[in-house]
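Here come two complexes built around chain A, the first alongside chain B, the second alongside chain C.
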Partner chain A sequence: MWWYVGKRLLQTIPVFLGATLILFSLLKLRPGDPILNLAGNKPVSQEVRDALAAQYNLDDPLFVQWVLFVKNAITFNFGETFSGQPVFDLIKDTFPVTVVLAVMALAIDAILGIILGTLAGLRRNGAFDTVVLVISLILISVPIFVVGFVAQLTFGVKLQWVPATVGGDWTLSELVLPAIVLAVANFAYTIRLTRTSVAENLTADHVRTARAKGLSNRLVVRNHVLRNSLVPVVTYLGINLGALMAGAIITETIFNIPGVGNTAFLAIQRGETSTVVAIVTFMVMVYVLMSLLVDLLYAVLDPRIRYV
Partner chain B sequence: MRFSRRTRMAGIALVAASSLVLAACGSDDDGGGSDGDAVISVYGTNPQNPLIPTATNEVGGGDPLNNLFAGLVSYNTDGSVENEVAESIEGNDDSTVWTIKLKDWKFTDGSDVTAESFVNAWNYGANPDNKQLNNYFFYPIEGTDDIGNTTGGDTVSGLKVIDEKTFEITLKKSESDFPLRLGYSAYFPVPEAAYGDDGKITKEYGERPIGNGAYMLTESGWERNKQIAMEPNPDYDGNHKAQNGGLVFKFYAGGGADSAYTDVQSGNLDVLDQVPPSALETFEGDNQVQAFNEPGSNFASFTIPERLEHFSGEEGKLRRQALSMAINRDEVTDKIYNGTRTSASDFTSPVLDGWTDEIEGNDVLEFNEEEAKKLWAEADAIAPWTGEFQIAFNNDGAGNREFVEALTNQITNVLGIESSPKVYPTFDELRKEVTDRSIQTAFRTGWQADYPSMLNYLGPIYATGAGSNDGDYSNKEFDSLVTEASATQGDERYELITDAQEILLEELPAIPLWYANATAAVSTDLKGFEFNWQQKPEYYKLTK
Partner chain C sequence: MSDIRAGQERFVAPVEETPLRAIDAVDVDAVPENQWKEAWKRLRTSPIFWLASLILLVVAVMIAFPTLFTDADPTKGSLSLSFEPASEGHPFGYTRQGYDVWARTVYGARASVSVGVITAILTAILGMITGAIAGFYGGLADSLMSRFSDIFFSIPLLLGCIVVVAVLNNTFPERGYWGSVMVVVAALALFAWPQVTRQMRAAVLEVKNLEFVDAATAIGASKFQNLRRHIVPNSLAPVIVTTTISLGVFIVAESSLSFLGLGLPTNVVSWGNDISAAQNQIRSGQNLQVMFLPAAALAFTVLGFILLGEAVREALDPKARKK
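And now, the complex of A and B:
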């Protein structure tokens, strides 16, 4: 298995190179001039322009910019933002809160989603199943910003149970509401996925065999139905952690969370190439590592899967 | 002042009666129920540049800087000017040489504010090697080029230190209201300690500036992406003495005024000086906030360059007038902006000294369907109209799409021509095409003055060859009126400005739309909120 892990980790190198090259190309295709953004409608002299462009390598050919970036990235030097902050520090400042938020959302999503989904799957077509299906349909249909603003207005402004926004000094308890909002849409998918998977496995051969052996219902469900049913759910959740981190931008904006989604958005708007590439590359790495983790979890869940 | 995506930098501040210097603003007794020690939290965004006066050109850094530094003059709330660090500012007969004497002030590190503190900082800002974004502000001074970069050598030849407390500024041409400029943040002094061994302002200074203003940074100072905290400067003895126990600029990610508004409602933030579009309709009736809505200094227009087909010469003049009259400004300010814009009646701003709405020819800014059709038909007689009339806008600023769509619809309805918005995703994409003159449509423009003078709304935008003359407008008569007004004092000056505006109203180098109102939502327990002429709160007056 360690050989497999090592092989997968080696694969991240071409992924890193490819992802950064694509990002550079895309940003180069973005029209406009970041320096004009800095200057507003005030004239900028050619000298100042050139000096700024040189500082951020904006005028080098695309391939040269990319090679410089990769060379520096090996030593964790990702350059500086326009405000003079090292990009690495920026990532260090903004990633923790996003990671915590995403993990909290994922936990809510996984725990509630799997429990409700399993119950619905076991009682397929019953009243409970129907209610859960209808609720999940509603949750999927309502956009996240509606849920966000309504939750903020209700619990933050009117009832004042929680602070309306998070801000720079974030604490775990402040993140609960944003995490619930972030979890809501995914959570509905998790329910549906678990439900279908459980319902399908209930009729599988190995489950029938287990029942025939006279195992108790609880053991059958836990060891034979659920464990097997979780394979697609774990895939979904694992990939989702990446999506939750990258997709947290709306939630981050509504609740003023100084996380990575917002930072990336601002950098894109200003055309800060090095910042955008560094942040998105981190995201890509999170995706890659999560999918490795998911693959390893398969082996734990389904004994038929082996890595050599 | 730069015209940006949606925020504009605050330059200047001050109040009506200059004698009204809020005596010593005793904060010790809280008998009146107000607590002078209260720290006020105000809306902010993470500064995009180092906190150096000549490097900061956007609100995120500008608002904190204006509180950390004091310039030669300060602005009263109504835009009038009062000496601050300057003891006296004297011009020669033709207003080309200004001699400035300084009071005895200190920076918060204990060093003296000297003539060199100013001159070195300005030399630094004007030198293109230092990549300072505010170089533009030095262009009136002898020894710089059109956009304020040093020519011939590393220092600006028009700046001369006479002795420790005196220096002399030589201008390129006479400018009677030059002292009005000097309260802007680009002209703040910088202490000796700021410069490193290589003569450059250090990175550390940019993160933790030492100033001479009403406030100084607290121990924690600027925490990136979180806040800037400041406390009153005990040695400050100027016009804006702090009446509160300090300020915290709380940053909102992505400039998210929406979440800031909720914070004001729930009492987590005291001052939001920019009401988000989502709350514009309701904020004045919201009993969880105190609402402020006043005419402001921010001028909006759109520009149709001369070089576009059908827009040059007599034909172009008629078409511009027709378009201007085809627009129903009141309808847009009312329906789209819910009364937070005021329809324009000139090219400047109603908050300024000498402003008047009685300018001959400003009826061209009123909706007049008949006249618009008639003028358009006259232009068609010269050369028949072809093609489509488009107005370009940047889609990353809230509300831009809505107003441009409204304008083009009105134009289609009145003139019966094809008209539509042209979208640019970001501000810099639009500005790039405007700057390199490749844009083939009309485009949205705007202006916020750097200092409280009507001339600042005219010269830099419409004078021949001026830095922000995006439409390449040129009119000799207008140029000479502006030059003359610059060298004249008193009411006579306002008459010259009115004459100059009459020319603009006839030729419409830009089509005025409206003045943006200053809007704010403030927590219910806050006292002393006032807008200065720059649409910014008078931070030092805020109390609880």
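And now, the complex of A and C:
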């Protein structure tokens, strides 16, 4: 077990360094004077120029600049926006609502996906299975922002069950609809994975043994089929977080939720590339960390992994 | 279990699942059929395949001959026609800018689908080469390639694309039609290839230990000949399935980027741009077809590619179908 944990931790280091290197190179590839880029393309005096060069280590060799970029990322020092606000403060203010939204979406995704996937998998090729498969194919085909707009129009504008947009003072109940929209995009994959996994386990030897012992169908499904089928699903839900964060940019924009994604969108609109890169760097860090946690959880859930 | 090599387990016949009559009915003298011919035979009987082909055929005709569907010019708008209702020859009315909605949807297929197709081909080629090298040579080549692809795999597709497109748009402000398509393609391909690499690597690892490779080596085939003539062609099935499905995923990703203002520039007629431009209609609840027509076209095309991928998966992997 500890051997696996150690190996997995060591693997994260080059991945993290590489990801920061990609983002750093992209930042450096921007054309034009880096100081003008930082100042929002307004002419600056020599004093400001020197101060900015010192603040962002622009006179150091590129390698040193990258090392400093990594150091800054680890210490959450993401620089400032064009208006002088530290990007980390911006993230700190907006991150909680994104976490709440993502957790709600993940919960909806997991609960509905596993229930529907299990029911479909238990009666493979039955009527319910076919309906669920068709619906999941349609959900995969429609872009998340179209789903978002349709939901907003139906429940926010026409039926007025929920407010069409969320705004600054968000409450949990207002986030339900955006969370469903965010979950819908991934939920189709969760259903399909659970379905395949359940159907595969139904024919496994240990399930046959359990039936031979005379266990009731309910017990067999609960203790022997589901428990084994959920291991890959749990891992997949972790990987989903990446898609959830990208989806958050779109969902938060549609429903005007003041989260990290919306902040990133506004920075894109203003053309503040350095702020966009800072926010995306933060999101990638969260994602790499979450994948690490999920992989460790995988080892806890599935003993076979530990001994490879 | 340990002395059965990967790939050999298929020769252990599941006797209790195969009725005796079926075993007797196997014609042992028949010439073994080519894997692709057999897959095509199964594909032909699949209704899903024909449904997908029908959808994609319509889209292909739209791309090749848009004038068959509409006489209007998608790039000529007139503000005096803003939100005019449907009329003769303009079945879905006009957008806010006075463009013909139907004409925009027909011509939009070109940019949206070409982004998907070019990205998918590029990703497949990159992934196949890197995956084959990693799987076949193993050792240091494998470790380096796997760690390298892990880096790109660790950045979620859309997040990575946002940064790359934002930077490339700054770098090439004047980039024309194909230039803008290539910017989006490059961004998508940069973060999508590791998935194909992983699949190709796994398939090559399985195939390279099979008997026919040993047989080829025994009659004097070189390592590279083996790789090119025997291993790669037999490892392609999972890559083909993923590539077909990812075609749809890339089209959706392009439209999501357009929605964020980072896809194709607004002067390019594309579904993503049209949906994005029509988003204000949603909050007002008026003139919804301006948004739903391109959205429906996009969803149908993506559905076509996904269904095709499903049908091909079943045709190439009959083991999965029987379960």
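Here, the second predicted complex is superposed on the first by the 223 of 308 C-alpha atoms of A that agree within 3 Å, B and C clash if a C-alpha of one lies under 4 Å from a C-alpha of the other, contacts with A are read in each partner's own complex, and residues count from 1 in each chain.
In this text, a residue touches a chain if its C-beta (ideal position, glycine included) is under 8 Å from a C-beta of that chain, and two chains touch if they have at least 3 such contacts.
On a predicted model such as this, the values are computed, not experimentally measured, just so you know.
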Which superposed partner A:Ala199 touches (first chain B, second chain C, both, neither): second
Touching partner for A:Gln85 - first (chain B), second (chain C), both, neither: first
Which of chain B and chain C A:Val48 touches, first, second, both or neither: first
First (chain B), second (chain C), both or neither touched by A:Ile111: neither
Partner chain(s) touched by A:Ile138 [first = chain B, second = chain C, both, neither]: second
Chain B versus chain C as contact partner of A:Thr94, first or second or both or neither: first
Contacts of A:Phe255 with chain B and chain C, given as first, second, both or neither: first
Which superposed partner A:Phe265 touches (first chain B, second chain C, both, neither): both
Chain B versus chain C as contact partner of A:Leu9, first or second or both or neither: neither
Contact residues of chain A, present in both the chain B and the chain C interface: 31-32, 152-153, 157, 164, 253-254, 265, 269, 271
Residue ranges of chain A in contact with chain B within the complex: 31-34, 36-45, 47-48, 51-52, 55, 82-85, 89-90, 93-94, 152-153, 156-157, 160, 163-165, 167-169, 252-259, 262-263, 265-266, 269-271
Chain B residues touching chain A - in the complex, by the definition given at the top: 1-4, 46-50, 57-58, 128-129, 131-133, 135-136, 145-149, 203, 206-207, 223-227, 250-254, 256, 258-260, 262-263, 265-266, 268, 288, 396, 424, 426-432, 435, 445, 467-468, 470
Touch list for chain A against partner chain C, complex: 11, 14-16, 18-19, 21-23, 26-27, 29-32, 124, 137-138, 140-146, 149, 152-153, 157-158, 164, 199-200, 203, 242-243, 245-247, 249-250, 253-254, 264-265, 268-269, 271, 273, 276-277, 280, 283-284, 287-288, 291
Of all residues in chain C, those that touch chain A in their complex: 147-148, 150-152, 154-160, 162-164, 166-167, 170-171, 248, 252, 255-256, 259-262, 275, 279, 282-283, 285, 288, 291, 295, 298-300, 302-303, 306-307, 310, 323
